[in-house]
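Please go over the structures that come below.
Look at the two complexes coming up: chain A is in both, with chain B in one and chain C in the other.
Showing the complex of A and B:
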């Protein structure tokens, strides 16, 4: 049972008279046996609201019943009575009097990056180009809704469900239920998609299922229906980004002054780290000596925004890459040429002062993508179409971007992930990690990595079920870290196992299997190799000044979109898409392509149609008929090309690539629409309704 | 849920005479709201699916008869319909996807009375007549007089739609435009069916009024030979005929503008 209003004080919970409560299990905040907090970064989010509610659909009361029909009737017979207070719903303006609900000013987190002297550099610039960009929330639309089963096994509470981070759930359960880690166990069930939506939110679902199971004294299954999942759970943070950019007469970036504002929603949850990734990616893959980035995540009475593939980067990359086209127009340069003049070269540094020297030639990536897309030939055809046809218009757009893999800054060091590899009695090995399969291919690629490193056949590799009673904490399955970071730990744990068996590192295959069997025969137990995360040498990060190596490695990409706009209906269709990226090493071509294609489709959706309509701060179009994601007919064949510059500290040379493809489609597509229509759109999703407004405003110069 | 399963039309009409049951054809409208809808689940239905006499598409001297169980797919695979009434096929192909096209019926689309329907506008542009039957009588109502308001019709509780008839008028112009929020599996934000026969122009719009509507002011202007220099010139006339609103799917402004634009281009292409 959830809050009916975005803000207020709970007066009472009213049960209709005549409601049969005999088999009904009712749980509220008083049933917690630990602090009423969902443990994450800050302790501000309650498991169940006690006296006040801060967003629509905030959980207040839990009901369970053996019969689903009876449960539906009970839900209809219970009313949460709340005295409403005026909500704060606009994250772009200062809170009104009485609106402050977090700290002194409703700012959940402030972060900044400073490099050089922006004001002086701006004063000396030939041109200063300003822009303001907005992005909307996005719903994950994983195929499988949030769901969890909880039961007690003796003294141990077991929770099994759809989730990305078993150890996050374990910690949250232990905290709010006041139980040690030995009395809680979390098992991941093969998960039907996550995209970040199963990063932090499942802790809440698990807590609710656990509370009900404990009170009921029997197993409880809690599975959301689509509508509830859409209106109550997390979404991508809406954003507002302002740019003030100084360039010289040749179009070289002299100064980037950037302000990033994210809507955090009603609780802190992961917003500080989303903001962190947002600002670090905000200046793009360009060399600029003077950069100032001010970021803040702001409280509103909306359901908390949360992790979503890209984690803040897609928002700021949209703004930056859209802005680059605006800058190019202002200095009368071709957008490709403007980027070529500013792309970071090996030896130059990013906004945080991280020197990039990874051997990747970013200018060559740009040229290759442009060539693959047929940019120059198509431009002429597009001009011809515009002369000839009454309402069809075409245009091309591109985006250059990068994505840092793994946790930000010292995050991986703090996580200190561990992987174990055990030798089994029959000579096979078992990889034990808490990293999970959710359709992206972890099981396959982990098997490949372990097979390569051990010299054993894939059939001799077992992967332990992610069960906190059986696997060590190898960190969450997020942040494009699974292959690069955890895959590398698998390699090192196998090396460690070999060393423990007295084998040289290059020993593998039959010799390895034989040594494992011998060790079993001798000791009567499984030999186990282990590896714990070590930062690559030379990687340094200062959390207080935000200077240094924000990520150990970046993947680089250039995406090009061709669109057709129907001027009768203002509808945009993407007709061609080139996705070129450098990802270190592709370990499985089919899966890697799948990740890129899926990410591009999700990015096209966000760019053009995925519009979360907010009413009272929450999603009003919480149905799949009204929240529109692309069908197969809405996306063109996506032409995926990989470049490889192996990265020494990732598994077999790999860098992370899972999030990368969501970063580029929105700016590439919107830049293409701008070119096709001669307008200057600044917002995603660029729905036909919004494009109509742009066209009605009259045409700005073509950007 | 209770379901009556009559074997003949007479039995079905007898059921309806006895009690106001809900007719169930393809079920593609009726069943979508089920997961959480206790009321729909508790309903009492009469299943029409076994009534073979309502199946299929027939032709006679006066035109075409779509039986009440004729599906979109029946129209799509009928080569003469493709030739004589191409907009039926165009609209049918844009309904849902193949599963819905092979199960959903034209009559269900008509009785469901959604202002965003795709089947209704093309039928209305072709001057369709709805054939209703009860245990005691039979009557015919022109489709453009079938709706009385938002999701209400002239059908009485004891009546079934048994057929939808289309007169054969040799429509020289037939255009259908569905503006959805994506290219497939979309609910129309604006729909337009345009036809011209010896009876004159027909301009039918969807998703811009409480029901699918004929734009009679525009029709009269076209019949009088008026020409329009730009899409905006159609707006004053359209405002007499339609009343679009803002909702979750679009805005009133968008609907009005886009209707004017697709209509203007459709007229231009027809000329």
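Showing the complex of A and C:
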């Protein structure tokens, strides 16, 4: 049972007379046996609202019943009565109406990056180009909704469900239920899509299921229906990004002054780290000596926005890459040429002062993507089409971008992930990690990595179920870190196991299996190798000044979209898409290609059609009927090309790639629409309605 | 909130109906509520949980089954409508037929996959559909959030190709 208003004081929970409560289990905040807090970054989010509600659909009361039908009747017979208070619903209005609800100024987190002297550099610029860009919320639409089963096994509370981060859930359960880690156990069930939507939110679902199971004294299953999943759970943070860019007469970037504002929603949840990734990627893959980035995540009475593939980077990359086209036009340069003149060369540094020297030739990537897309040939055809056809318009657009793999800054060091590899009695090995499969291929690629590192056949590799009673904390399955960071730990744990068995590092295959069997026979227990994260040499980050190596490695990409716009209906169709990226060594071509294609299509959805309509701060179109995601017939084949520069500190030379493909489609597509229509759209999703407004404004300007 | 189900005009009357239909080749006889969805009867009464619920409003296609050889969204079909018909679910599929889909990367998380497979096999059984429609058009009733659809489309095309090759083999 959830809050009916975006903000207010709970007056009472009213049960209709005549409701049969004999088998009904009712839980509220008083049933917690620990602090009423969902443990994550800040302790501000309650498990169940006690006296105040801060967003529409905030959980207040839990009901369970053995019969689904009886439960439906009970839900209809309970009313949560709230005295409403004025909510803050617009994150761009400062100061907020209705008073401050968080901290001193309703700002959940502020972060900034400073490099050089922006004001002086702007004063000396030949041109200063300004722009303001907005992106909307995006719903994950994993095909499998949130779901969790909870039960008690003696003294231990067990929760099993759809989730990305078993140890996040474990810690949240232990905290709010006041239980030690030995009395809680979390098991991941094969998860039907996540995209970040099952990073932090499952802690809440697990807590609710656990509270019900404990009170009911029997197992409880809690599975969201699609409508509840869409209106109540997290989404991609809406954003507003302002750019002020100084360039010289040749189009070289002299200064980038960037302001990033994210709508955080009603609780802090992951907004500080989403903001961190957002600002670090805000200046793009360009060399510029003077950069100032001011970021803030702002409180509103919306359901908390949360982790979504890309984690803040897609928002700022959309703004930056759209803005680069605007800058190019202002200095009368081809957008490809403007980028070529500014892309980071090896030895140059990013906004945080991180010197990039990874051997990747970014200019070559740009040229290759342009060539693959047929940019120059198509440009002429598009001009011809515009001359001849009354309403069909085509255009090309591109985006150059990068994505840092793994946790930001010192995040991986703080996580201190651990992987164990055990030798089994029959000579096989078992990899024990808390990293999970949700369709991205963890099981396959971990098997490949372990097989190659051990010299054992894939059939001799077992992967332990992600069960906190059986596997160590190898960190969450997020941030494009699973293969690069955790995969490397698997390699090292196998090396460690060999060393413990007295084998040299290059021993493998039958010799390794024989040593494992012998150890079992000798000691009667499994030999275990282990590895804990160590940062690659030379990686340094200062959390207080935001200077240094923000990520150990970056994937680099250039995406090119060709679109067709119908000037009668204002609909845009992506007709061709080239996705070129450098992701280190590709370990499994089919899976890697699938990640890129899926991410690109999700990005095309965000660019053109996925429009979260907010009413009272929450999603009003919480149905797949009117929240439209791309179908097979809405997108072209996604042409994927990998360039491979092996990365020395990732498993088998790999870097992270899972999030990268969501970053580029929106700016590439919108830049293409801009070129096709001669307008300057600044917002995604660029729905037909928004494009119509743009085109009509343009006509008004001409008139 | 969800409308109350199972409450009809006269609470004293049992409105349940007994229906019989063929399910994956075997006869099934079961008493159902007139408002009960075929999806729920399959999953919760008959234990065939391979068919998935994605949206409950006929948009995503995760719950696709065949009725009399046609793919339908079982979330939109009252179970009584299955009376006397032939219902086929993902459980009846020969896994060997899925090989081209597996090899092309047509499945990632798997939540859409049972529905995708039921539609894909329907296309494979009716290749003449491709004279008037593309695979992308025919698959558009099955939402997938992972693959971007290329793996699915390629898998169907490769399976069609394999079928043609087999047909060309001399007996």
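Definition applied: the second predicted complex is superposed on the first by the 694 of 703 C-alpha atoms of A that agree within 3 Å, B and C clash if a C-alpha of one lies under 4 Å from a C-alpha of the other, contacts with A are read in each partner's own complex, and residues count from 1 in each chain.
Everything that follows uses one rule, which is that a contact is a pair of C-beta atoms (placed from the backbone, for glycine too) under 8 Å apart; a residue touches a chain by one contact, two chains touch by 3 or more.
Only a predicted model underlies this, so the values are computations on that prediction, with no experimental measurement involved.
Enquirer: Considering only touches as defined above, state whether A:391 meets chain B (first), chain C (second), both or neither.
Expert: Once the two structures are laid over each other on A, A:391 reaches chain B alone.
Enquirer: Between chain B and chain C, whom does A:600 touch in the aligned arrangement: first, second, both, or neither?
Expert: It touches chain C, and chain B stays clear.
Enquirer: Using the superposition on chain A described above, determine whether A:441 touches chain B (first), chain C (second), both, or neither.
Expert: Second partner only, chain C.
Enquirer: Comparing chain B against chain C, which has contacts with more of the residues in chain A?
Expert: C
Enquirer: Once chain A of both complexes is superposed, is A:141 in touch with chain B (first), chain C (second), both, or neither?
Expert: second
Enquirer: Touch check for A:195: first (chain B), second (chain C), both, or neither?
Expert: second
Enquirer: Which partner chains sit in contact with A:689 here, chain B, chain C, both or neither? Use first/second/both/neither.
Expert: first
Enquirer: Which holds for A:155: it touches chain B only (first), chain C only (second), both, or neither?
Expert: neither
Enquirer: Once the structures are superposed on A, label A:591 by its partner contacts, choosing first (chain B), second (chain C), both or neither.
Expert: A:591 sits against chain C, while chain B stays out of touch.
Enquirer: Once chain A of both complexes is superposed, is A:522 in touch with chain B (first), chain C (second), both, or neither?
Expert: Neither partner.
Enquirer: So which bits of chain A does chain B touch that chain C touches too?
Expert: 69, 72-73, 76, 225, 625, 630-631, 633-634
Enquirer: What residues on chain B touch chain A, complex-wise?
Expert: 35-36, 38, 179, 181-187, 190, 248-251, 253-254, 257-258, 261-262, 265, 268
Enquirer: Show which residues of chain C lie in contact with chain A when the two form their complex.
Expert: Those in contact with chain A are residues 1-2, 4-6, 52, 54-57, 59-60, 62, 103-105, 107-112, 134-137, 139-153.
Enquirer: Which of the residues in chain A end up touching chain B in this complex?
Expert: Per the stated touch rule, the residues are 69, 72-73, 76, 225, 227, 390-391, 567-571, 573, 609, 613, 620-621, 625-626, 628, 630-631, 633-634, 687-689, 692.
Enquirer: What residues of chain A sit close enough to touch chain C in their complex?
Expert: Its residues touching chain C are 69, 72-73, 75-76, 140-145, 190-195, 225-226, 438-441, 590-591, 593-594, 596-602, 623-625, 629-635, 637-638.
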